[in-house]
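Before we start, here is the structure in question, set down as structure tokens.
The first chain written gets the first letter, and so on, giving A, B and C; residue counts start at 1 in each chain.
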Amino acid sequence: MKQFISTDDVPSVPRLVDIALNYKKDPFRDNTLGQHKTVGMIFLNPSLRTRLSTQVAAKNLGMEAVVFNIDKEGWQLEMNDGVVMNGNTSEHVKEAAAVMGQYFDILAIRTFPGLKNKEEDYTEKYINQFIKYAGVPVVSLESATLHPLQSLTDVITIKENWQQPHKPKVVMTWAPHVRALPQAVPNSFAQWMNAWGEADFVITHPEGYELDEKFSGNARIEYDQDKALEGADFVYVKNWSSYRDYGKILNTDSSWMVTNEKLKHTNAAKIMHCLPVRRNVVIADEVLDGPQSIVIQEAGNRVWAAQAVLSEILKG
Amino acid sequence: MKQFISTDDVPSVPRLVDIALNYKKDPFRDNTLGQHKTVGMIFLNPSLRTRLSTQVAAKNLGMEAVVFNIDKEGWQLEMNDGVVMNGNTSEHVKEAAAVMGQYFDILAIRTFPGLKNKEEDYTEKYINQFIKYAGVPVVSLESATLHPLQSLTDVITIKENWQQPHKPKVVMTWAPHVRALPQAVPNSFAQWMNAWGEADFVITHPEGYELDEKFSGNARIEYDQDKALEGADFVYVKNWSSYRDYGKILNTDSSWMVTNEKLKHTNAAKIMHCLPVRRNVVIADEVLDGPQSIVIQEAGNRVWAAQAVLSEILKG
Amino acid sequence: MKQFISTDDVPSVPRLVDIALNYKKDPFRDNTLGQHKTVGMIFLNPSLRTRLSTQVAAKNLGMEAVVFNIDKEGWQLEMNDGVVMNGNTSEHVKEAAAVMGQYFDILAIRTFPGLKNKEEDYTEKYINQFIKYAGVPVVSLESATLHPLQSLTDVITIKENWQQPHKPKVVMTWAPHVRALPQAVPNSFAQWMNAWGEADFVITHPEGYELDEKFSGNARIEYDQDKALEGADFVYVKNWSSYRDYGKILNTDSSWMVTNEKLKHTNAAKIMHCLPVRRNVVIADEVLDGPQSIVIQEAGNRVWAAQAVLSEILKG
């Protein structure tokens, strides 16, 4: 694998899932693979799970992980070409990425969208500038439109929790939130569900929250949440801001919050969320604290997803 | 040892002190004990000694230490149950602690008190939430009411500096400060002196600065600083805010500052302080720069205290 | 080598350059030299290259590197002696440096100048306080007046790019900038060019930007940039604020920006800059993106410079 930005970089999703599950069984099976190798983890935004699980994954492979919060420990980068840099940006990504590419074997980067300029975000301008100039493989720790380490984790977690011969019904439902959030997680989950192909995948959200069809593809969209949830085996909960009316909050209807009542016509569905989750806004306490929630197991699997990705990149 | 929050977690203080002193003699004697183990060090507040000494201690045991300044690199945690999280907190400790428990073998946490709500602080609400949900052993890097790694260090340092057959007289004296500080260090020192039992322990402070008797126990309290210091072998200096009039500064009398004059009726007492110390407010330059100060040795011993604690937890 | 603050600490610049180039050929040749040793990297200011390259260099030697952003993760240090510390500083450098000296085998520190008080900056008050109290070797990660790891890198890079029998003409040129910057990089480059002795060294800048002669020594100073650049083999570009009219911006003349036009009478000079560089303010895009720029190679060499310095200090 040459980089890890989207499913396009993955020769086989099922094989990558198997590699991850093998690491879960035996975390140190490849603990010299990363010897004398270093992954630079560059954060332009906050992170808990992605940061910590990738550090642990690197160590499991015998690889060094160097964390750099460039937004706090460094300075602001210029992402536009041809600019006279007499403003707030101190260094151009052309230099910053190329220099970090001199120091690290893999460059892992988190770059959130601004949610102001749809074209800038959806052309993935920031992470593409890093890819263009780094000169080493780049791993996305979440970019403007996708969060592939999260989605790989999600596939792993569904696979672990499904032993039936038929495909599970997986429903991704929008839920309310107090802030305007990126579409990266839902875009990415849809892309991976489509690429994996082992689920009957449904998306439900209020009108106006349609995702970019580039990612949602042929997934069935259902505007009635109750109808969508009927018979669901897995419910993937997430808020996002509007893609059409870009970055806007169009709906704050708390009846979209996931409660036990909402889940009663599911097939005792397992509940998933990428976390962090705002309790009693996105999902009710009773669900998160109940037996159907698998959000902690899901977050734990982040280690094995990251380890599979780093190992495949190390193997080239 | 299952966790390290207070003396209640320590089967034998003298034995733990001996383990630490053995590491001081031979830092790398157990340098494979921590192989493939990781301690997550979670800071909700600033730290110098605790942070750096624990990192060094972990490395001495062949263990990885991952530092996470959750207040700066992550987001604000919700500590209260049942809340509708539509405010400033982005993640509940139920998820954050449980997820970090998935990534680390030991979770070490610093959580300062708010000094506003005595009950919240003295029930140790924050660190107890971590203990409840982490699912792995928790080590306190200083909590609302106690600082056990500091106190273990203090016992080690007294033991190192005392070769007489009789018990040393150890006097903990309050001293002035410009800010309202927690009672964690004096509470903890008192608790450890009482649990250790190898010192004649006296506490001196202005009226109104009495500590919670849960920690001070049967220690002799003397309101006259000069009288308390008479014949002292060790003087442990520390400011704290009032426990009774909770979190308040009741006294700014600079005559409580520790000077050479103050020490002249001691038994050439060794001077201790947990650091950081405000010079010429808490302790005079002449004392800190003089031959009686052992504050640097004391700070150096933090490594061996942390190493003893981590090793005992690794051994289960 | 006992410390690394300036050329005065280096027994032989050419030998140190050779050690660095040997590491570049074989990064892991001494990968057990640093076993059980730790370098503490203390930042009072932001850093990208210095931070990351030194971390990688330490790992190459099998040494642990612990990063501590004391300005963000700790608190403000008092640098003045005899002060009553009732203000904003929480800990004196006497304690902070001595304590960190207990934890680390080498203390590496970045301390920028205030650019307000010339005497305070030029006596290197801050780093000298660390040296005085640390009790272990101190490595400068850039101090008020010098940046020796950068300058060693620069000599390495010139040597790598010069195979002629005669000395190259190396021209350091001032260039415009929007902020008042320290003189540390140009002072240091001048000091190292003089100590190395293998270049015909010229400095060009507008009047009023003369550097401290302690560092520029006998270097030829030429106020006409075009004349200075004639026949140059290497052009070292850097902005600095005035030393004479201390810390001030005296000139914003954009005609000093380095462009292809400016370079046309050079000997196809290689272009160097320590980075970060503000594009189209200090150096034009056409130069940085053109074949004469070696700024990325130069930044990459930071690893080998740091590795040479750490290894020589480990060897004592």
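Operating definition for what follows: a residue touches a chain if its C-beta (ideal position, glycine included) is under 8 Å from a C-beta of that chain, and two chains touch if they have at least 3 such contacts.
These numbers were taken from a predicted model, which means no experiment stands behind them.
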item: Neighbouring chains common to subunit A and subunit B, by label; value: C
item: Same-site or different-site touching of subunit B by its copy subunit C, using the half cut; value: different
item: Geometric centre distance via CA averages, subunit C-subunit B, whole Å; value: 39
item: Contacts with 2+ other chains: residues of subunit A; value: 72
item: Subunit B-facing residues of subunit A, complex; value: 27-28, 31, 43, 46-49, 51-53, 55-56, 59-60, 69, 72, 178, 275-281, 285, 288-289, 295-296, 299-300, 303
item: Footprint of subunit A on subunit B - complex, ascending; value: 36, 38, 40, 64, 66, 68, 70, 72-75, 78, 81-86, 90-92, 94-96, 98-100, 102-104
